[in-house]
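The structure under discussion appears below in the form of structure tokens.
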Amino acid sequence: MCTDKSDKPREECGIAGIWGAPEASNLVYLMLYGLQHRGQEGCGIVSWDSGTFHSIRGRGLVADVFDQHNLVELKGAAAIGHVRYSTTGSSALKNAQPLAVEYCRGNLAVSHNGNLVNAEEIRHELEAYGSIFQTTIDTEVLIHLIARSTKKNFLDAVVSSLEKIKGAYSLLLMTNDEMIAVRDPQGFRPLALGKLKDAYVVASETCAFDLIGAEYIRDVEPGEMVVVDKNGLRSLRFAPAVEQQALCVFENIYFSRPDSLIFGTSCWKARQSLGRILAQETKVEADVVIPVPDSGVCAAIGFSQESGIPFDMGLIRNHYVGRTFIEPSQSIRDFGVKLKFNIVKDIVAGKRVIVVDDSLVRGTTSRKIVKMIRQAGAKEIHMRLSSPPVAYPCFYGMDFPTRQELIAATHSLEEIATYLRVDSVAYLSLEGMLAAMPDQKQNFCQACFTGNYPVDFQKRAAKSGMCVSTKEIEGDRITNL
Amino acid sequence: MCTDKSDKPREECGIAGIWGAPEASNLVYLMLYGLQHRGQEGCGIVSWDSGTFHSIRGRGLVADVFDQHNLVELKGAAAIGHVRYSTTGSSALKNAQPLAVEYCRGNLAVSHNGNLVNAEEIRHELEAYGSIFQTTIDTEVLIHLIARSTKKNFLDAVVSSLEKIKGAYSLLLMTNDEMIAVRDPQGFRPLALGKLKDAYVVASETCAFDLIGAEYIRDVEPGEMVVVDKNGLRSLRFAPAVEQQALCVFENIYFSRPDSLIFGTSCWKARQSLGRILAQETKVEADVVIPVPDSGVCAAIGFSQESGIPFDMGLIRNHYVGRTFIEPSQSIRDFGVKLKFNIVKDIVAGKRVIVVDDSLVRGTTSRKIVKMIRQAGAKEIHMRLSSPPVAYPCFYGMDFPTRQELIAATHSLEEIATYLRVDSVAYLSLEGMLAAMPDQKQNFCQACFTGNYPVDFQKRAAKSGMCVSTKEIEGDRITNL
Amino acid sequence: MCTDKSDKPREECGIAGIWGAPEASNLVYLMLYGLQHRGQEGCGIVSWDSGTFHSIRGRGLVADVFDQHNLVELKGAAAIGHVRYSTTGSSALKNAQPLAVEYCRGNLAVSHNGNLVNAEEIRHELEAYGSIFQTTIDTEVLIHLIARSTKKNFLDAVVSSLEKIKGAYSLLLMTNDEMIAVRDPQGFRPLALGKLKDAYVVASETCAFDLIGAEYIRDVEPGEMVVVDKNGLRSLRFAPAVEQQALCVFENIYFSRPDSLIFGTSCWKARQSLGRILAQETKVEADVVIPVPDSGVCAAIGFSQESGIPFDMGLIRNHYVGRTFIEPSQSIRDFGVKLKFNIVKDIVAGKRVIVVDDSLVRGTTSRKIVKMIRQAGAKEIHMRLSSPPVAYPCFYGMDFPTRQELIAATHSLEEIATYLRVDSVAYLSLEGMLAAMPDQKQNFCQACFTGNYPVDFQKRAAKSGMCVSTKEIEGDRITNL
Amino acid sequence: MCTDKSDKPREECGIAGIWGAPEASNLVYLMLYGLQHRGQEGCGIVSWDSGTFHSIRGRGLVADVFDQHNLVELKGAAAIGHVRYSTTGSSALKNAQPLAVEYCRGNLAVSHNGNLVNAEEIRHELEAYGSIFQTTIDTEVLIHLIARSTKKNFLDAVVSSLEKIKGAYSLLLMTNDEMIAVRDPQGFRPLALGKLKDAYVVASETCAFDLIGAEYIRDVEPGEMVVVDKNGLRSLRFAPAVEQQALCVFENIYFSRPDSLIFGTSCWKARQSLGRILAQETKVEADVVIPVPDSGVCAAIGFSQESGIPFDMGLIRNHYVGRTFIEPSQSIRDFGVKLKFNIVKDIVAGKRVIVVDDSLVRGTTSRKIVKMIRQAGAKEIHMRLSSPPVAYPCFYGMDFPTRQELIAATHSLEEIATYLRVDSVAYLSLEGMLAAMPDQKQNFCQACFTGNYPVDFQKRAAKSGMCVSTKEIEGDRITNL
């Protein structure tokens, strides 16, 4: 992959499931198509076929892993699926989801979106008692906890296991008897509940429902466990409602598709408001507003409408990219970004240009885009970001680089402008961001902007081998900036 | 494939080549990436390695056919490539381009964009004399003509062979000694000439040059033959300049990427003008202008700017689609179009919506899109097309359906509005279209709008087995409308 | 598969390992080549690379699964491997060996030849305590027992786990610190120990040693555990020497390659003696002795030498067969057997023919072979088997059909002759068989001939779902014959 | 490939065809199975389906190239097939047979066994007139000759084309109207004609007939052209019977399967006679006769019977070999031959051993085999070859090394014994060889033994680039020996 991976935050997954419909796996396949933007490195479906589980998982896109020959093997009237983003190293096939095991209680399959912050501690403890793990996925601890539970009743075993795990998780569990949708008490990740005729469907985003013609009912609530079986739907709580929820605000800023309802409200509306408020806060004289496609489009339109400066598509994105691989040994300058974006010269030549993007992580790609615009003859370039500065890593499922690599953690605004070689750069304020959210009663996790982590944890940092705790990171903030 | 294939015109190919650069095949590979929108069914590269030709061709996208392992086999300092669209039936691998043969004069490889209208006659004649064809591609007749030519000199043999073929062709030929770029006397298809350091590059569109950092020089002219060899570049004419050129206007309307120069002028500028003039000609009271992405975006922005009606992205296109295959046996309504497009309900609900698209062929997809917008709550829907009615098939390289299937050939404007279920539908006028072209001195082929075919032909229609000539089609126009 | 699977007993596996040699996986790969006759459905190698385990397993032959690209990934100075025969249904890739896990004690890989008779009981017990199994292989219980063991020391954990399992097992275990070779107390399956320069090697048969130039030292003894680590080789006993060993006599009759030493003595010598004693016991007037290749060749030569009747290769075996698949829908008579064997007509036409095979299981293939010989013009056909009648299923690793399908369990000698359509049929006697064994002090398992099972068990029969115990089978013997 | 390729002569192909049977391609597939020993590098089938040709060709064994999915695509009531051996460099897929073209006369498919000695001259001439060749196979000239022929009638065109080609060819041609079997006037390669119910079948060897239950009728005669069409079978002659036929004697010595009739007589009978006469001519005191399997088995049995010295299988051949590839970087001595053969020590230890093989080409493999036997403890080793010394290359389809590499061309008998490290080596005499042939009226090509080439030619030697003619080679014989 020759494009700069690290210039966008990346979330781990999307999940989808259905209980009680003929050709369930076909429907989950379509829903995964709609969730493909949440993970392109792998995907899988496990179907329930009157007591037998069928499973297909693989690396790559939904269209690469499934075809009409193997989909027919996924028989049955219930299925859960998963699309996955993964960091290098753990991309092995065995780490593909949904996880599925056959154990003392029969079959169990699990799809997980999020990140458990105490998975390693639990794993070490379970292994000390003789459990053998099959993968390196944090989700597997939940399965072993359930297998080890002495509770007779399966739902009791699930509840007691959920009580032991901490962090972000939207889950789908499937057994021979039911499908269970779970959302962590803070509600980090979204999880929507819908209906298709007599069947219940669950998915990370409602755009998956639109594709199959399912109707959105409501979100699974934080701390709620929705059980779907032959008797219909029941709602259980495995944890009381927390005072302060911690919905991931980046779902509205970047992750989700604008045509989805996220946490029950319109993602498009949130994103366009982010652009409008950004224009109010950071307006500058200019001739044209252009987005960095696709993620900057909504905010750029909002910016244009609020500011009255014309909108145009000055950057063309090549959608065939994404699976490119070669890095020509000869020096084609800024090769990676050119493969992904091309500039429409007539739009920017001789113009004062406002470039709207959703966020700035490392800044390396933005710098190259700016250079292209400059070479195409722009007179001025003003970078506008529809989110506050990202200055802290996320431990709840987003794949940000380490704090040292986050440009907003180590550089002042002036330094960032110099680095990007723009005439000005400006971020949306924290207040502005929250004001743009459609439902002002919702509480969002702001850890990546503020360093205040809603769920404590102690974790061995993957690469450094160092132990990192929330406390240390908060201290780090004081000394480093 | 579950999406309606026939609702967009489709061109046959894109071509690219380079002579005189190390790692030539890597550069052609990148250029093909930039031309991927011109053909997704197959691609190939032939490289020249000091007298040996290496060839890789396959079905699918550039990223599917090539990888870092096989690209290194394409050694050498020159290469030509091809991306291909093909109709069902002839998609066999043997029909992949570039064609490459070893014959009496040594090696010869050919990439072709366009359609020869007298290929079948020539083929039958050559076969009667004992030639054995390896493919069913029209381009192969050119190779056999060259092989059979009694001219001693290779360039003379090429010229005498070109004099025998009729129709649309932008060609790249490669031998052990030179690369030759050719454009037919009418200039139907584009072909641009550029330079990368000491090497000359040729491509269907200039966006391919941007990707590798090559500089655009000029177009290969209609009737011109540009020869690149160790001594540099020479221009020869194999045909005199025709009075009336016949540039394909659909390149500006739909095929080309907006960031390309086409026929030497900005495609984006043309496309936005189409939108502006469309607004002047067909304006209607409305709340929002939305494009059918991606091809309608430029014109929709132009329409919005001219009309003052706000632009928004009411339709989200799923770019992972295109290789989908399943047609769920259960009835998911309008399944195909839902997989490709989703609606952002908040943008259209309760609004009067103008939908801008580039053209209308069969109308089946547009009808489904309209239905989705209606279901999302639009109050009024007005369809606007940035081209005149397409009423005649193309025989020069575009893959339109037969005349009977073209909605504009068989329905009145009112009937079309009824079929689409819109409140109004309006096309751009022929004059408006021509006025939008950046260079008013250029002459465009308008056969698909008018039925006046610039190059006569007699051709056996592929499917019907009927013999069709330009004369008959012109007659047909009179009786049918 | 069109050939009659069930007409030969089939054993489950071959295993091989090496500790302390550069390119260990290459050497194991070669040894597996030499053991390929012990299992063709799957194979695998796990290598030890200074603390990291690399693993490749797949379906098919050694030459299908490994190539020069993937073998280099199996770095390191130690490796164990496995070739596998499997019954339909459990041939899933996940059931390929060597099994390898990462658990509380680090890495552990296991190759197993044999069959545990109490695996299911142990598995159910372990699952009840929360263990999650990854495969359906009986060997996995051993791994879980080791993981659950409370013994601090690894070797103690292995010993206490081995004490819980019953049945036939020749094992290779590999950890970060050592390779361990184990043979069950009865010594059912062979396991040979050798040396290659400074490295120790272990393999099911010595022919694997010949291939890599290793020197045979001795067999791993029943109840012995040979530990190889950086300090060299140690021998431990996990079980006392049993009074009555139970070496599998079919290793000498059919499974092993004639060029191997089996249980320390020459397999070829045993097999030729079987033929000689068979001739003494069952001689008949005839013109030619022909073997059913390849397994009947040694005994046929022995028969010929003892009887003075000329030996010839009247049946030609097509060695490209074995992966054939089609069953022509039109009736080609006795198609399967014709694909595998062809007759040399001149050898049998007008002759009295003695056909020597190693054993008779179902009799279906033999019947077809006899028919071919008859059609080629043989005057008389006398079938001679170099083993006693197989009348009882094996539960220690051979894949015989159920008792009901064993022709010798349900038919008298006359009935068998009638079924096979031979002029006479004769088996070797039990005493004759034992007399042919090179080492008269060895004790062999004779359960498949006598129904006296040396290790008791209670086992759920795979297909019928019925519970079968040794007691019942012994009873069954009485009522059925 | 790590085994010594050059120690056996290798022929180019086997061919098979059927006209007039349902599921024709299934039957050809089975016949190719039976001919697999004649070529393992590639294979193909073209079927005739009421005027449409279907074709599948690939690299590897019949079982690798065909499966139940692709075989069903080869519909129709007629088919021809091919198995192919090829020298490195020309193993490209495009060179796979049967060749199939669509040309002025419709469809034509050709399978060829043999080697044309004037193909290059004809090719250059055809190319000069503008023909474009698709492959580098000599057979393609025949197709172009037919395409260029001015004869109206197809059979006349075939005859006039055959009159232009020289060398060894057994051919199968298939058109929309007929299947034609052709054998060159000298009859170098075998070609048998058979019948299966109402259908006619043709194959290189009769063992292919046995597999499908077809009945052998007779051989296609040298200079004969057998035409099978809807009216049945016709025999035409395209050349008069030559006085001296030149049947390839190596078919009886090595190539063919012993269960085939070759040139109308029993291959087994010939091969055993070769062994018997070899014993008469070269007998020596010894304890055991062992063959080099599989090709030496028949002659060794004949030798044993004639000499009274016991026969045994002292060498075990590993039939899984043949697709091995790795050459371990560490030195495993005589690795290649060990992978293919293993010794049964008890058979040779302390014995005087006669080793019977069919021929000696380079001697490299034999030398390694001898070393293995010596290391296993043989007291004496006597090598016996059931053919005369091979001292001249073959230009009619056998793939011998150059004259310089043939051990018998450059070494005396004593030198060969020294090189092989045997106690004695002896060849069969030319007279003895001919006396062993079942039909004493047949005339065999003896060029590889005598250097008298029955068909003259002038040919550019593939590797040296030197021009070689029969004359020069004959001269070479005089000076070199």
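The chains carry the letters A, B, C and D, assigned in the order they are written, with residues numbered from 1 in each.
In this text, a residue touches a chain if its C-beta (ideal position, glycine included) is under 8 Å from a C-beta of that chain, and two chains touch if they have at least 3 such contacts.
Owing to the predicted nature of the structure, the values given are computational and were not obtained by experimental measurement.
Undergrad: If you average the CA coordinates per chain, which chain's centre is most distant from that of subunit B?
TA: Using the mean of the C-alpha atoms as each chain's centre, the farthest one from subunit B is C.
Undergrad: Centroid from C-alpha atoms only, then distance subunit A to subunit D, rounded to Å. What do you get?
TA: From the centre of subunit A to the centre of subunit D is 64 Å.
Undergrad: Measuring centre to centre with CA averages, how many angstrom lie between subunit A and subunit B?
TA: Whole-Å distance between the two chain centres: 37.
Undergrad: Which integer distance in Å separates the CA centroid of subunit B from that of subunit D?
TA: Here the centre of subunit D sits 52 Å away from the centre of subunit B.
Undergrad: Could you check subunit D for residues that touch two or more other chains and list them?
TA: none
Undergrad: Can you name every chain pair that touches?
TA: Once each pair is checked, the touching ones are A-B, A-C, B-D, C-D.
Undergrad: Note which residues of subunit A are touching subunit C in the complex, please.
TA: Interface residues on subunit A, with respect to subunit C: 101-104, 127-134, 143-144, 147-149.
Undergrad: Per the contact definition, I'd like the list of subunit B residues that touch subunit A in the complex.
TA: Against subunit A, the touching part of subunit B is residues 22-23, 26-27, 29-30, 33-34, 36-37, 61-63, 67-68, 71, 207, 210-213, 257-259, 266, 268-269, 297-298, 301, 305, 310-313, 316, 318-321, 323-326, 328-330, 332-333, 338-339, 342-347.
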